[in-house]
Amino acid sequence: MNILAYGEVMLRLNPPLYKTLMQTETLDMYYTGSGLNVMAGMIQNGFNAKLLTVLPDNNLGKAAAAAVRRLGISSEALIFEGNHLGIYMLEMGYANRPSEVTYLNRTESAFNQHLLSDEQMAAALKDVDMLHICGIALSTSEQSRKNALRLAEKAASRHISVCFDFNFRSSLNTDDERAELLSAYKTVLHHAEIVFGSTRDLKELLDISGKTADEVAARFMSEYQVSRFAGTIRGQDKQAKTIKGFLYENGTQFMSAERQVHILDRIGTGDAFAAGILTGLLEQWDGQQTVDYATACGELAHTTLGDSPVLSREFVLDYMASPTDVKR
Amino acid sequence: MNILAYGEVMLRLNPPLYKTLMQTETLDMYYTGSGLNVMAGMIQNGFNAKLLTVLPDNNLGKAAAAAVRRLGISSEALIFEGNHLGIYMLEMGYANRPSEVTYLNRTESAFNQHLLSDEQMAAALKDVDMLHICGIALSTSEQSRKNALRLAEKAASRHISVCFDFNFRSSLNTDDERAELLSAYKTVLHHAEIVFGSTRDLKELLDISGKTADEVAARFMSEYQVSRFAGTIRGQDKQAKTIKGFLYENGTQFMSAERQVHILDRIGTGDAFAAGILTGLLEQWDGQQTVDYATACGELAHTTLGDSPVLSREFVLDYMASPTDVKR
Amino acid sequence: MNILAYGEVMLRLNPPLYKTLMQTETLDMYYTGSGLNVMAGMIQNGFNAKLLTVLPDNNLGKAAAAAVRRLGISSEALIFEGNHLGIYMLEMGYANRPSEVTYLNRTESAFNQHLLSDEQMAAALKDVDMLHICGIALSTSEQSRKNALRLAEKAASRHISVCFDFNFRSSLNTDDERAELLSAYKTVLHHAEIVFGSTRDLKELLDISGKTADEVAARFMSEYQVSRFAGTIRGQDKQAKTIKGFLYENGTQFMSAERQVHILDRIGTGDAFAAGILTGLLEQWDGQQTVDYATACGELAHTTLGDSPVLSREFVLDYMASPTDVKR
Amino acid sequence: MNILAYGEVMLRLNPPLYKTLMQTETLDMYYTGSGLNVMAGMIQNGFNAKLLTVLPDNNLGKAAAAAVRRLGISSEALIFEGNHLGIYMLEMGYANRPSEVTYLNRTESAFNQHLLSDEQMAAALKDVDMLHICGIALSTSEQSRKNALRLAEKAASRHISVCFDFNFRSSLNTDDERAELLSAYKTVLHHAEIVFGSTRDLKELLDISGKTADEVAARFMSEYQVSRFAGTIRGQDKQAKTIKGFLYENGTQFMSAERQVHILDRIGTGDAFAAGILTGLLEQWDGQQTVDYATACGELAHTTLGDSPVLSREFVLDYMASPTDVKR
Amino acid sequence: MNILAYGEVMLRLNPPLYKTLMQTETLDMYYTGSGLNVMAGMIQNGFNAKLLTVLPDNNLGKAAAAAVRRLGISSEALIFEGNHLGIYMLEMGYANRPSEVTYLNRTESAFNQHLLSDEQMAAALKDVDMLHICGIALSTSEQSRKNALRLAEKAASRHISVCFDFNFRSSLNTDDERAELLSAYKTVLHHAEIVFGSTRDLKELLDISGKTADEVAARFMSEYQVSRFAGTIRGQDKQAKTIKGFLYENGTQFMSAERQVHILDRIGTGDAFAAGILTGLLEQWDGQQTVDYATACGELAHTTLGDSPVLSREFVLDYMASPTDVKR
Amino acid sequence: MNILAYGEVMLRLNPPLYKTLMQTETLDMYYTGSGLNVMAGMIQNGFNAKLLTVLPDNNLGKAAAAAVRRLGISSEALIFEGNHLGIYMLEMGYANRPSEVTYLNRTESAFNQHLLSDEQMAAALKDVDMLHICGIALSTSEQSRKNALRLAEKAASRHISVCFDFNFRSSLNTDDERAELLSAYKTVLHHAEIVFGSTRDLKELLDISGKTADEVAARFMSEYQVSRFAGTIRGQDKQAKTIKGFLYENGTQFMSAERQVHILDRIGTGDAFAAGILTGLLEQWDGQQTVDYATACGELAHTTLGDSPVLSREFVLDYMASPTDVKR
């Protein structure tokens, strides 16, 4: 099974554990991005994965490519052009102190400035079984939006499954942009078989109403002919924050148990969940097994450093089977 | 608003997270001190602050001054003389393991050896609206005690509000010293409008009795003509340690809710609370708002590294309004 | 009081806090081993301790010896020969994520290849009051098994108390090896006065049955003429993992309260417990005091880095008397 | 004496000593920029200095401001706006291996996007004796060029000395830009009393010819009514790289001896030289003393980390008087 | 062009710059090995390269594979089996202080214990133009020797160029082993077209005599039908250590100039030279250009951390064309 | 052979390589002191060594003791009392940039405040063959001076060789102190058989005149009945700093060749030389061999981190025999 993601690679820079930017003289580096993270998850789950992205054509772009390969992701679809890479600073919280993200210029990144050619798309889609697109690419630049739409179309026309992650942040867009964005979302959704998101996204962005979450999801899946819709619900019980996964699959809803999360590094946990869901689908597990596994992936991703999943499928399954203090 | 603190700057040296002195080959450096911490808190709260202290006239003193400025505190009242800076070693605990402090020679520090001149005091007090004095200065040396007393007097005579932090540790003093100390405390208290401490301090040091904490506080405030008395009460419920802030303000008591604390770095949390209270007073918030805010400042200060507050007023207010995992 | 341990010293290498092997470019070093850890605990408890082990005759062996001395353990019984030191990699977990151990070649280590001479044994046993042997030495190589058996015999014949730690991992052995191992265990047990283990060990390895844990322990102690049998029971209540210590002493069972553990570094906590028990015995504390103290030692060992105990007897006693946030 | 610089603050990120970007997982942070560096040098030389620049209005901008203050530079003229800070990556060379700089997006930085208001300029120029402008500001954006030109004009009209650093890199500009750039350079030069650069700059950019360097410099100084022109000549003798400083002062040329440089960190050494020259002028040293001192500043700046000078005037003078191994 | 190397991957562990093992608590990790290093060099030179090796089937093996990919080397021929990876400790020298290597157990490594199957060899050799074998594989174990011999044979029979690196250390072998070793060397040499080594190797191991180095080389190349023989001669002039490269190519000798080396990290410099020679051959440069380039590669490899080349072909060519302090 | 040193242990704190105090947030720790360093050297040279010193009776004192043991020095003569340890900050230079030392309070250290009892001295001197005293102890406090004098006397009366290191810094003393100091020096010298120093010391402190260095040394040795006088002469040739060792032994002068030094860490190099001389004496090498070896020890000590020698006798001898790049 070969999976391809289209998405931006950014450089995450964070002060060492728990320091703030004003306190630090060093930064830890992680190359990240939703597509990268989901592909890293697919590798940990035992699949082949490659990433279609644009990296700057300089030493930093080379270093980013090395990081992509290090995760096990194929670098054959990487494109080198331009000279800027998007960067965000992360000040990691502790316990109840939230982490804080500071974005630096992202619009001028190589990824957001480059229009993919038909040849680049065709080469990337070769021998691919599934394409993953993240909604962020629809809003970061006109170029990335166009790229995403054309890719989704080309994939659909080649009968490659399209998997789409909403990743919609309503606060980031003006009303004008919103109209354009909505149109782009609708276009991609019509090509998508599998969608990640929340019912809030469905309501807020797509204006789908319903009395219950189930009803909203059902209407959405019917209207857009989406066969699977999955996501996580985050809560807070008395003692701790929690996560609960859901998966709507051809008319049936599967819910994981609600699990406590212990946050070391919050970012990328949704991507680990998504890779878990895709694993269940590709392995043809039943829906309950799939959502339980994906939720465990997401839960454990809170406890590892960096945005990309780093725990193997075997590790997660062992953890689900019998939690221990030390694995020998 | 311009606030001035008089207090010792020490060098805190701690092994990297969770190591002991015997296990380490490196030490993390933080310049600290109660006055410095409260001023750093005032800066985070959006005020101007300066520090009157004596630093050694060598490269370490210069580095300390750089750290003071880095926090945003004005260095214009710093005095450079002598060659020693007080140092304490901190072995940071984890969860139920307490942190451990080892003091090195402090008596011979530049701060504790230097008698301030009238000119130095006058220069420091220029354009100042509030003076903060920490009780520790009353006990670390004869020089620092004399400096503190004269400063309080001069401030009062110039109608600068005096704010005093008890910071009394009964175990540190012999009976003889105690008499002298008591007299010094009483002198400063007579100049103080705002006092930080606990009712235990009032009972133990000042011999004020009463059936309830309220009664003790009321007697103290009346006897010493103190308009505000504030502090924190630390507890332990089944799951975790807790903090609760109180503020007696002209006859009314305000209490925050009891909040769980998650300890990353315990030291300096009372100073963050104090800066929160002063912020409320200077902003003329009502008592409840003030004590809630100050308690949130203190609570969050347990989750940041170093003794000085590093979270902005905006961060704390956002946290109080709606706690999240990641602030973007 | 002079205690000697016979046991392998290994090099533990772990990525900095919470990273995985694939994420790291640096490793933290700790020299470890059950015998080393128990001796380090005895030092923290105020006794003299030395270690009989074989280290490679090269710079790494010298560095290991320096680490032994640094812990306060006498290096006079160290033997330098060969060129390999056993190594294990530790990826430290966080909260519910288990730590993961990867062993590298251990069989070829200097310790596991070297047969001790009579002279080496005699020199090591000189002036020794108690000998500690760990069951791991019975299974890592034929040489180490022979060494352990001869040492136990020699110690017993000199009326030196033999203390034995089961440390049996049934999964590690084939049936054939098991027979040989069982025979070795029985031989050592016949020389042992004090034994650490679990009733599960007694059942699984020694085939001792009984309706209750008490009955199993009683039969074991009677059959093998063991005067003390101690260990920990690990549990999980709703909120956290727990530890409870037990000590069977000449017919009486002493149990500690069940205590929550907060895991920073899980490895070596049983060794800290063992050193706590031995301390109680050597100090002639009563059984309850002994098991309470040992359990506190084990509980706190979860919160310190490295496998060897690093908290002094005074620190543990203070902690038991009144837990605080900061010890000054 | 109060000196003001107008210039961009960038974030320099470099892998730890001698690693490449592809080899590293951490980056060391230094806030830098020619104006910042010269001001840091003025502080080390005992003057007051402030910086007029635009920092992003976010946590990174605040951290940059803290770094400015830490160096001793006044932060009162800092402006916070926008959300991007220019960044460059530095891979530090070793011995004959050159260091390598990779610029990320700089055009969109807060500094390069913001037009200064008259009020902002007036506030910054208050009580200033000298203004330092770096030629880089003339080419990084239209906004920064306009700011620089208006500032130079305003300063000149207030009889504030203008000091200008050529910093021209011919390779960075197209022919079109060059014309505009040349015009901007000429405008600033007409306001400048002190200029830093090389005779190559004079020839390449200003088209000033002459048989010897002296002749070129003389013509330039006469044509533009510049009273002082200074710079360094870098060479290579058999054993090592060298530096030699020159200063043309009202018709006289002063040259330092040629000194070997030992490169730890190459960047910013010209800024240290410039601050040395300005120091001599402000202290009214004679030309030879001035150029010798400035050259020693530049020479030593090769041996310190970061782009900003960190050695005090006293340190440099001691070094010139009698080099030792250890200063106690 | 596709190049394959067969060789062991080891883990190099070194204390941070200039510390000794006894002084350190952390180790820097580099995955290394002669085959790995030469392939990393080929990647830097712009070719495709893969590595045939055996890594342990555990987390350390996975981390090693990630490091291989990070360097750009294809991981498709990696084999995972066993559980041990060879390790060596490196204490890095400074200036005249030599570095010191301490080998730990290598014989039991997955690489040295595994016999490659015909299928594994065939898969690895697919589409390969050149095979690189290092002489070390002939002496580390019987299995690795057999693997190397069979591979050389298979490659030769498929008309894949065989490139062989002597890497002979006479001191490491007993006389008995030497006979066997000699026979193995001779077998591989008969398949080799390109050989790296020194004339001392030819004399000591192969007993080839001659009045001059040229004569020895000529006899060797004729007897073994080797078309190219290359290596470096290391010297010491008054000021510094030096390197000079030679290349015998079909009867002509090419020598580089003698170049000073500045040692930051000595290990792997010969591998960088070898990759430089192979680059010249594959690019059909003339002999002089080839040996000059390779020598520059080797010279610069002394100034980078780790055993594998990290500087690109472009960087080296720029350096040869015009050395600078900073490349922008 | 058992050697004892009496001397202060200090904590050296230095920013990571090449940073200044103002630039750093971490400090590297080394426990140091002339006596400690010479004893560490004796351990590296294969002798038994112990240290008589006073450490604070707190966690820092325990950590210092652990560091003493780690070096291989016996901790049996350590005394724990008081609560302060002398500290100095070291900013490490690079190439021509000198290192800079900043002393913090030393007078109040446990070592300088404690008068040794007869029992403590007797216990420390038991089974000792040689006593090393450093001149610094004569000037840091009255207590340490008295201790040193009494110890020298007791050692002499027990026929233990006394070895004395001048370590005189004329600039540190007022004229009054100088008289007292001179008297103390004379007293110790009368007990000393072996003295380290420079002929400048002899002239400046003892007022011994002579036309040549030889004459001065001869007069000194005769007047004070010293059998050996040794030291180093530091120079500077065109390219580098140099060191040359001398040893006057019963009327004969031995001089080493002049050797270039490459400075990584300058401090403690004289102590390494002293340990080299003592090694030659104890091994009864002839004078030339002794001074050559000691000079190589001193030379190499410039290339290692920390003040204490860390290279073994074997390493130094190998280096003298044949310098290489890498020792395997």
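What to note about this one:
So that you can tell them apart, the chains are marked A, B, C, D, E and F in the order they are listed, and the count of residues begins at 1 in each.
Keep this in mind: contacts are C-beta pairs under 8 Å (C-beta built on N, C-alpha and C of every residue); 3 or more make two chains touch, one makes a residue touch a chain.
Each chain and its UniProt protein: A, B, C, D, E, F = 2-dehydro-3-deoxygluconokinase.
Note that the structure is predicted; figures quoted are calculated from it, not measured.
A count of contacting C-beta pairs for B-F and for C-F identifies B-F as the more extensively joined pair. On residue numbers, the A-D interface is repeated by B-F, which shares over half of its contact pairs, out of the options C-F, A-C or B-F.
With centres set at the average Cα position, the gap from chain A to chain B is 45 Å. A straight line joining the Cα centres of chain A and chain E is 41 Å long. Within chain B, the positions touching two or more other chains are listed as 17, 20, 22-25, 66, 70, 100, 103, 239.
Residues of chain C touching chain E in their complex: 13, 20-22, 24-29, 56, 58-60, 62-63, 66, 83-85, 87, 89, 91, 100, 102-105, 107-109. On the side of chain C, the complex with chain B involves touching residues 17, 70, 239, 260, 262, 264, 299-300, 303-306, 310-311, 315, 319, 323-328. Across the complex, chain B meets chain C through its residues 17-20, 22-23, 93-101, 103, 169, 234, 239, 241, 263, 266-267.
Against chain B, the residues of chain D that register as touching in their complex are 66-67, 69-72.
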